[in-house]
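In the two complexes that follow, chain A is the common piece, with chain B as its partner first and chain C second.
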Partner chain A sequence: MAKKIIATASLSGCFGCHMSFLDIDAKILDLIELVEFNKSPIDDIKKFTKQCDIGLIEGGCCNDENVHNLLDFRKNCKVLVSVGECAIMGGLPALRNMVPLQECLEEAYLNGPTVRDCNENKIIPNDPELPKILNKVYPCHEIVKIDYFLPGCPPTAELIWNALVTLATGAELKLPYESVRFD
Partner chain B sequence: MGETVHAIIRNYNGDPTRLMDILIDIQSQLGYLSEWTIEQIAKSLDIPKIDVEQTVSFYHFFTKEPRGKYTVYLNNSVVTGFYKVDEIVKTFEKEAGCSFGRVSPDGLIGLFSTACIGMSDQEPAAIINEQVFTRLTPDKVKTLIAGMKDGKTIEQLKGSSYGDGQNANPLMKATVKNHIRKKGEVIFSGDYTAGDALRKIKSAKMSSNDVIDIVKKSSVRGRGGAGFPTGMKWEVARKAQGEPKYIFCNADEGEPGTFKDRVILTEEPKLVFEGMTIAGYAVGARYGILYLRNEYMYMKKYLVSILQDMERDNLLGTAIGGKNGFNFDIRIQFGGGAYVCGEESALIESAEGKRGEPRDRPPFPVEKGYLQKPTVVNNVETLCTVVKIITKGHEWYNTIGTRESRGTKVLSISGDCEEPGIYEIPWGFSVNDILKMTGARDVQAVQVGGPSGSCIAANEFGRTLAYEDLATGGSLIIIGKNRDLLKDVVLNFAEFFREESCGSCVPCRALTGMSKLVMEKIVSGKATVSDIDRLVSWAPIMKKNRCGLGQTALNPILTTIKNFRHLYDEKVKGNSEIINPAFNLAAATADYEAAVKN
Partner chain C sequence: MAFVKFIVDGKECMSEEGKQLVEAAKENNIYIPTLCNYPGIPPKGSCRICTVLISGRPATACTTKVTEGMDIQSAVPELESFRKSVVEILFAEGNHFCPSCEKSGNCELQALGYKYTMMVPDFPYMFPKREVEAWHPKLLKDHNRCILCKRCIRGIHNNDGKTLFAYGKRGDKLLINIDPETSKDISDELAQQAMDMCPVGAIIRKEKGFAVPIGRRKYDKMPIGSDVEE
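Right after this comes the complex of A and B.
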């Protein structure tokens, strides 16, 4: 059986889900028998070089770069999985959704105690190279179709492992009650 | 102010279960329920302040802020939307000088919207200071607001042209019209004299068991919609342990498009009260309570005087009809504006002064109902029917209607037809018959049984109204071909259920809100097939809700997906499943562009 090709990305996340992924420890040796990595921070491939089978997305979308990245993943992956709270619901970054963007930017760059005395020209960073901040943080499925959701903050290494094995081999995944209950 | 509050509380003997009445009376006198008032009520009734607050916050018509010397509640139900209500809204806002949801700066006029007020045959309608104003036009609105600014009383604003029949009764003086288009053989037969059934019971020496027996033989079923056999309900209540027992008459008709109880209570109130009394006799109940929706507050004086008449005539009170030991008193319990209180256990909770949240069952109200005593809750129409059955016999009754649905049904018909109003017809009529009778043409759909019922298309107009086919609590909204069914009707109902969900069960609380968002997405043409599938997948989850109203709250959406799928398909046609059509990157970055520009 040909190895499944997987890609991963951390959008507006904290890399915690990727760290949790690495917590599979020695099983990573089993994993590379099972799958081949393409675009991912794990192997540092920056651009898709071929069509992938599985895309794992950590984090929601807080800027236009995240959106383009996500669209790129959707285009290049047959199956797309939202991994963790931020990808599924926006998570911690989405706390700002209760505050208008203008106020957020003013607090961060103009009025906050660590910036108010040093941003002399009162500039909100606007270099065209910088990603544009979205009006709110979006969970991934509000932008593209997401096929599966792996809950947790972060999802445990075991859950990520089981999900990957399931997707790679077509076996049935049993989600333990603990992984889907309310906290 | 304190004296007013305490006097009202004394009127109800400081009884916390009468909190609804206390709040209604105080608000009626003081205009609103301030923090201070709520504290006073809690202290006087010796209950926690939060108990008062949760009741206040539950009901639409209670307010903690002043809502103006004149408070306008404009109906926002589906049928109102058929009559250019936008113009009415604009005129109100322009003339009053404030937008809906607010009070004018001088505190004179408050503008609010409200769910169906039971005037679907004479829309657009509004309630202003407990009085109903129907058939509003921009000109009428201008006159009304000018009158308010001139300080006219509500009576002066109403003018002197009152509705037909008892609407013009000096105690009611309502501009509301009955619109009784067809009188049937049972309710509006016109051959009733108060006390008919009570005299029959006496002359035929009927025991309470005999009464239950006749009701059972007549196979009369509950007219609220569920169709539970009335005789069986009474028998269980009769055998239930606990004293005193209670008879409730459910006149909370909050299902949009329903207004039959209003007309029955206007024209045949004694028939209703006698029905309650017969039920009391059969069940062995001592007290009756008419739970009347707050929207019908304008009938209060009239109905109270009817009760006094009946007491004077020995049709109520003690030793009724000269029968020793047969005592029965009726009082009127007003609601506070909450659709869910039409559900019998929520209605009982409300009558006890609490939030109108449905109870877990069992125990059923017939065993443990009002104040934990055996309680029968019957629909207005059911109780009227029983009086006629006792008077004329079950044999007579069984000749009317179909095999499984005996008798007549009073229908509230509204929407796109020439003669909206009340039609009493025997069960077994087809929808087509009704459309013909009401002068409806170019019909796209008929909403049968209100939003919680089903929305049917022309291919089902041949179906008959009966428990064995198309059961209905009695409302039919006719929707013409010129209407945008999804936007004008389904979305309105979705908003209605989102607003009226009591919030007790998670599926109802969450999915009524989520389904409304999805419907908005569909109407805006930004949805996908999977959005429609998602709505359908919620159907079984909604069945987990505690009460019947919650279980049917997605019906407007689900039945239109079933019967008008092509309308949904048109809206999602060509939309990508892969990239959400509702997401627009330029719009999502617009705020940022604006922020960095400055």
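Right after this comes the complex of A and C.
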């Protein structure tokens, strides 16, 4: 059986889900028997070099770069999985969703106690090179079609492993009670 | 005291006549999920998660009293999928950030999410703008997490029998307020009781938090209702 090809990305996340992924410890040796990595921070491949079978997305979409990245993943992956609370519902970055964007930026760059006295020209960063921030943080499935969801902050290594084995081999998904967590 | 026989999912049960159906089922080791209902306080029937079919007709098990010969369906796929939807709606309607919530692990809404293996709510998130009242001396009220179950209004009273909580506003702006007068000098026990009674993390006792480590919280190892079921 040909190895399945995996790509992973961290959008507006903290890399905690990737860390939890690495918590599969020695099973990573079994994993490389099952799959081959393509675009991913794990092997540092920056661009898709071929069509992938499985895409794991960590983090939601908070700026236009995240959106482009996600669309790229949708185009290049047969199956896309939202991994973790941020990809599923925006997570902690989405705490700003209840505050208008203008107020958010003003607090962060003009009025906050740590910037109030040092931002003399009252500049909110606007270099064209910078990704443009969205009006709110979007869960991935509100931008593209997501096929599967793995909750948790981060999802347990056990859950990620079981899901990957299921996707790579077609085995039945095991979901022990303790492996599904929202925190 | 008269005893009656009734049937839940084909299992013959027995309980006192006129008992709340949720409690009567519990006596017979059958768990009917509840959110707004709390043992010992008057039922309200607002969350609808305890909906069962009595002779094929839907009714809330917390407001229904058990009578002789009742034929009840509870753990049937139709109702379980309905209950899962109720949980999903509540998750999408408020701002439930489990990773940053003190009640996480002891939260009944979250536990029901686990019970029904909710991976993601089937509804779009609303991200409503809600306030956090952190200025009360003993309690913290987070309206982001409140599911308006009214447990606190019905169940928490001070020494004079006065309620600490009340509804404010109407419609989709409905919220539960804390009375600043009656709540300012409540005992720590009552504050803890209010926090424990809240099914989510909307009422938090101040100055004490995260007392139980992850792994030893109420729903870390066992699903909600597993203490009732055989």
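For the reader, a short list of remarks on this structure follows.
The criterion applied here is as follows: the second predicted complex is superposed on the first by the 177 of 183 C-alpha atoms of A that agree within 3 Å, B and C clash if a C-alpha of one lies under 4 Å from a C-alpha of the other, contacts with A are read in each partner's own complex, and residues count from 1 in each chain.
In this section, a contact is a pair of C-beta atoms (placed from the backbone, for glycine too) under 8 Å apart; a residue touches a chain by one contact, two chains touch by 3 or more.
Quick caveat, the model's predicted, so the values are computed rather than measured.
The superposed arrangement places chain B and chain C in clashing positions on chain A. Contact with chain B, but none with chain C, is seen for A:74 once the two complexes are overlaid on the shared chain.
Of the two partner chains placed by the overlay, neither chain B nor chain C lies in contact with A:34. Contacts of A:157 after superposition on the shared chain: neither chain B nor chain C is touched.
Once the two complexes are overlaid on the shared chain, A:126 sits against chain B while remaining clear of chain C. Legend: residue contacts after superposition of the two complexes on their common chain; A:101 is shown touching chain B, with no touch to chain C. In the superposition on chain A, A:175 makes contact with chain C only, while chain B stays out of contact range. In the superposed pair of complexes, A:92 makes contact with chain C only, with no contact to chain B.
Of the two partners chain B and chain C, more chain A residues are in touch with C. Looking at the shared chain after the overlay, A:64 reaches chain B, while chain C stays out of its contact range. Shared-chain residue A:145: touches chain B; no touch with chain C.
Looking at chain A, you'll find residues 136, 141-142 touch chain B in one structure and chain C in the other. Taken together, the chain A residues at the contact with chain B in this complex read 64, 67, 71, 74, 100-102, 105, 124-126, 132-136, 138, 141-145. Those residues of chain A lying in contact with chain C across their complex are 82, 85, 88-92, 94-95, 97-99, 136, 139, 141-142, 148-151, 153, 175, 177-178, 180-183. Chain B contributes residues 530, 577-580, 582-583, 585, 587-596 to its touches with chain A in the complex.
If you check the complex, the residues on chain C that touch chain A are 95, 97-101, 104-105, 110, 113-114, 117-121, 124-125, 127-130, 144, 214, 220-223.
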